[in-house]
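We just call them A, B, C and D in the order they show up, numbering each chain from 1.
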Amino acid sequence: MSEKGAAATVAPATSDELQTVTAARELADGAVCFVGIGLPSKAANLARLTGSPDTVLIYESGTIGAKPTRLPLSIGDGELAETADSVVSVPEIFNYWLQAGRIDVGFLGAAQIDRYANLNSTVIGDYDDPKVRLPGGGGAPEIAAMARELIVIINQSTRSFVERVDFLSALGTGHEPRARLGLPGKGPRVVITDLGVLRPDHETGELVLVRTHPGVTVEQVREATGWELRVADDVSETDPPTDDELRVLRALEAAS
Amino acid sequence: MSEKGAAATVAPATSDELQTVTAARELADGAVCFVGIGLPSKAANLARLTGSPDTVLIYESGTIGAKPTRLPLSIGDGELAETADSVVSVPEIFNYWLQAGRIDVGFLGAAQIDRYANLNSTVIGDYDDPKVRLPGGGGAPEIAAMARELIVIINQSTRSFVERVDFLSALGTGHEPRARLGLPGKGPRVVITDLGVLRPDHETGELVLVRTHPGVTVEQVREATGWELRVADDVSETDPPTDDELRVLRALEAAS
Amino acid sequence: MAPVTTLEQAVRELVHDGDSVAMEGFTHLIPHAAGHEIIRQGRRELELIRMTPDIVYDQLIGAGCARRLVFSWGGNPGVGSLRRLRDAVEHEWPRPLEIEEHSHAGMANRYVAGASNLPFAVLRGYVGTQLGEQSEAIAPIGCPFTGETLTAVPALRPDVGVIHAQRADRKGNVQLWGILGAQKECLLAASRSLVTVEEVVDELEPVAGGIIIPGWVLSAVAEVPRGAHPSYAHGYYDRDNDFYREWDGIARDRERFTAWIDEHVMSGAAAR
Amino acid sequence: MAPVTTLEQAVRELVHDGDSVAMEGFTHLIPHAAGHEIIRQGRRELELIRMTPDIVYDQLIGAGCARRLVFSWGGNPGVGSLRRLRDAVEHEWPRPLEIEEHSHAGMANRYVAGASNLPFAVLRGYVGTQLGEQSEAIAPIGCPFTGETLTAVPALRPDVGVIHAQRADRKGNVQLWGILGAQKECLLAASRSLVTVEEVVDELEPVAGGIIIPGWVLSAVAEVPRGAHPSYAHGYYDRDNDFYREWDGIARDRERFTAWIDEHVMSGAAAR
């Protein structure tokens, strides 16, 4: 899709764009994605408009197979209903679609994450006397439990990457609790931050740094992590977004 | 609506028509009726087209506010969907509408009835080795339980009016079981047969003959009853169908 | 994306001897053609699941395909009995038929539970009846908050769900409208699913009161014009009420029934 | 038949101090005008119920109408925090706010149970989270058939349910389309119900993807053009994304918020 001679006009990727492109690349074509608004919505649409045209986007507002041409600000924008294959009620989307195990990939963000990718989007501080009252779990508790796998997108700092989350809003990779609770999915498959990419160790579920974004050192990632970060033997560098990826992404954003 | 000079052309009512007209007269205007196919559907539509234009017809096929111009043979005829205010799924009609207690009047038929208007539409003989396997309860168990009141329409003979039903498919007037089971409705308010009209005693729930159809004697009704029938002190006679009622009813049937 | 294939191929791949098969359509859109194909392919020992068995199951039962029937109302709507169903229950012809009987509300909620991946559904159901005495699939359940006792029924999770719909597009997205019954729930509750449609079109034009079931949750879609006959397809053809009345005579007699099946089903050309 | 009346009259008759009030609309069709009328009439001690509190509840909370909030996601969609909600929870301004927190799936199923006249709903929900520790409205329940443990939540039965819809006819039959959220369930779960609509028309033309809620289950219908603003009404006007962004600044400051309410709500003319 790159136009001849136009390449030079594409500005370098911002950190947000890099995360979005990295997330989009994680989606196999045909994957059924349960997406939230913001970066997940951008990433899933980018995937749909680049290499993975059969990516199915489901929003918790009840739109199945939405194909928005501009990015919605809210999860229930009219654009989603207009372009969807089907619009169903919110009870139905959670019961017949998410709970039924029809979702391949869920996207989640959070305010805090621990080494097993347990997520907190509820409160900072004590639940009954919070320092910061966050919006809350919304769809996350069941998305984390019922999607086959999850992509977590979160900015990395010692405030967000913590030894222990203040509140457990959505379950992470823990094999033991997942098995004990009889959950069908494996939880987070990848955590994409503004610094790099982490994946769970297959045995323990602990997050391991496997990639750094261009210009980021492993040391920087360690310093932005509130626990002693495990690092893969062969940390690679994220391929920067291609001009095509950036053009499609920016066109999506410009239309909003 | 009677046309001048046309009265003489109206043929006398058949027994079926008399039952239908009698049932239609039991409906207050604005009543929300859960109707089955056949006589109940005829009666509710007759009511809607004569004195009670705001009668709401709900069929268990999911049509709410159906206003058919011809009588459906089956409960899911296209005519019902085309003329309905709303068509919902079968799970919804049973959960959000019947179970939720939004039905004023349910209509039920049966193969057998006892003195407390308990109904059998399941088997004649033993359940595991039936003499006659009847179609079964269908919607009746929950209609009997959840509608505010019921109109039962059944032909009267010692085969149908029995001391004890072979199978309890739908609960009758019994105060004790209704209270014990916490049911909201009072059960059958009236039983309309081809011979007359019975209503439950307010105290005991036992059916009492209150009206005979024209030309039927109380003795005939007693003989067609498989238990010692209670008879009201002042048994009246059913007003025969008016010419208007018969014309509307026959027009409905002719259109089918 | 659901492969758009032939009915013969779809039934061969999806329906096996011994399967539990749910074919839904509440009076409307009953998948008769799919039932005939199952008879033609000689499937046996099926557990048939359907709220209203209707003619389609009368035929499957009479043809000896079924070991068991799960249902809530087994009559010929507006006409009377299902003669083959009765003969199987009353006289074990052509073979004994085990039955599991529910109310409509119970069956509808069992599909909802299946579509929702829950092991059971809760309703105010069966109260004051003897249905619970006949089945282990009806149990009391207490509310953990109020202590009130309600009724639980197990989820239906058929091996195969079959419905008929008006249209599909080439990706196998299915569109149906008019009376919707429990069709969507039936498909979503099943492990495998087959939808026959009146026609496959390039584009599914929106229809008021219509729903779309995405192709990617379905196993197969097959174009079968008039595939619901003698039931009807809203917007395509009316219910063949005369056939429903005639069926009473055909099904009343074992030989006449068998001759009808031979002529209209086994020959490959169902009465249309 | 639901009486078609004025918003002022409907709120006066249906919403009382101390009531539990559920106002639904999932991003789409949020009944903002009805919320403003409740503020204007000075209702107090309300239990507010809503999956996504959004600006409408930020305003009701900031105006001191609420004693308690039942919710599942309390943010400003696409923007960030609900500042008045946070100020009430974090600093008890203008008064303490008790909260009961659920997941979306839990709230949606609670409405379904309420609409179905069941005391509780069952879901695979909240597992592995700490939400259950915070609320008595989340309890384990065993399947009577498989023994499996699931989660039960109590039905929502609000005193009043409020939604906004596109149209009603003169009998009070209500039509809405686009994203439907849990609006129907909210109305049907409530003891009393109010629907504001963009317009009252003679005839409800069928709309693809639309549903109709019969007037006879509703308590009141009121015509309030732009009654969802800054949310949107599919087919009428778009979401006012700029206002959602601006709200963050308005709501961040107690005085600015109060001035805004005085100017745009108490004056009787909401910003449209």
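The rule we apply is simple: contacts are C-beta pairs under 8 Å (C-beta built on N, C-alpha and C of every residue); 3 or more make two chains touch, one makes a residue touch a chain.
Worth saying up front: this structure is predicted, and the values here are computed from it rather than measured.
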{"item": "Any chain that touches subunit D and subunit B", "value": "C"}
{"item": "More contacts between chains, B-C or A-C", "value": "B-C"}
{"item": "Separation of subunit A from subunit C, taking each centre as the mean of its C-alpha atoms, in whole Å", "value": "40"}
{"item": "Interchain centroid distance [CA atoms averaged], subunit A/subunit B, Å", "value": "58"}
{"item": "Distance from subunit C to subunit B - Cα centre to Cα centre, in angstrom", "value": "28"}
{"item": "Multi-chain contact residues (two or more partners), subunit B", "value": "95, 99"}
{"item": "Residue numbers of subunit C (touch at least two other chains)", "value": "112, 117-118, 123-124, 148, 184-185, 209"}
{"item": "Touching pairs - complete list by chain label", "value": "A-C, A-D, B-C, B-D, C-D"}
{"item": "Subunit C-facing residues of subunit A, complex", "value": "30, 32, 54, 56, 64-65, 85-86, 95-96, 99-102"}
{"item": "Residues of subunit D defined as touching subunit A within the complex", "value": "26-28, 51-52, 71-75, 77-78, 81-82, 85-86, 89-90, 101, 103-105, 108-109, 111-112, 123-131, 134, 148, 178-182, 184-185, 209, 232, 234, 238-239, 241, 244"}
{"item": "Parts of subunit A lying in touch with subunit D, wherever the complex brings them together", "value": "37-38, 60-63, 72-78, 80-81, 87-91, 94-95, 98-99, 122, 127, 130-142, 144-146, 167-171, 174, 177-178, 181-183"}
{"item": "Contact set on subunit C toward subunit D in their complex", "value": "117-120, 122-124, 137, 139-141, 143-146, 148, 150, 152, 154, 206-210"}
{"item": "Residue ranges of subunit C in contact with subunit A within the complex", "value": "1, 112, 115-118, 173, 184-185, 188, 211-214, 216-217"}
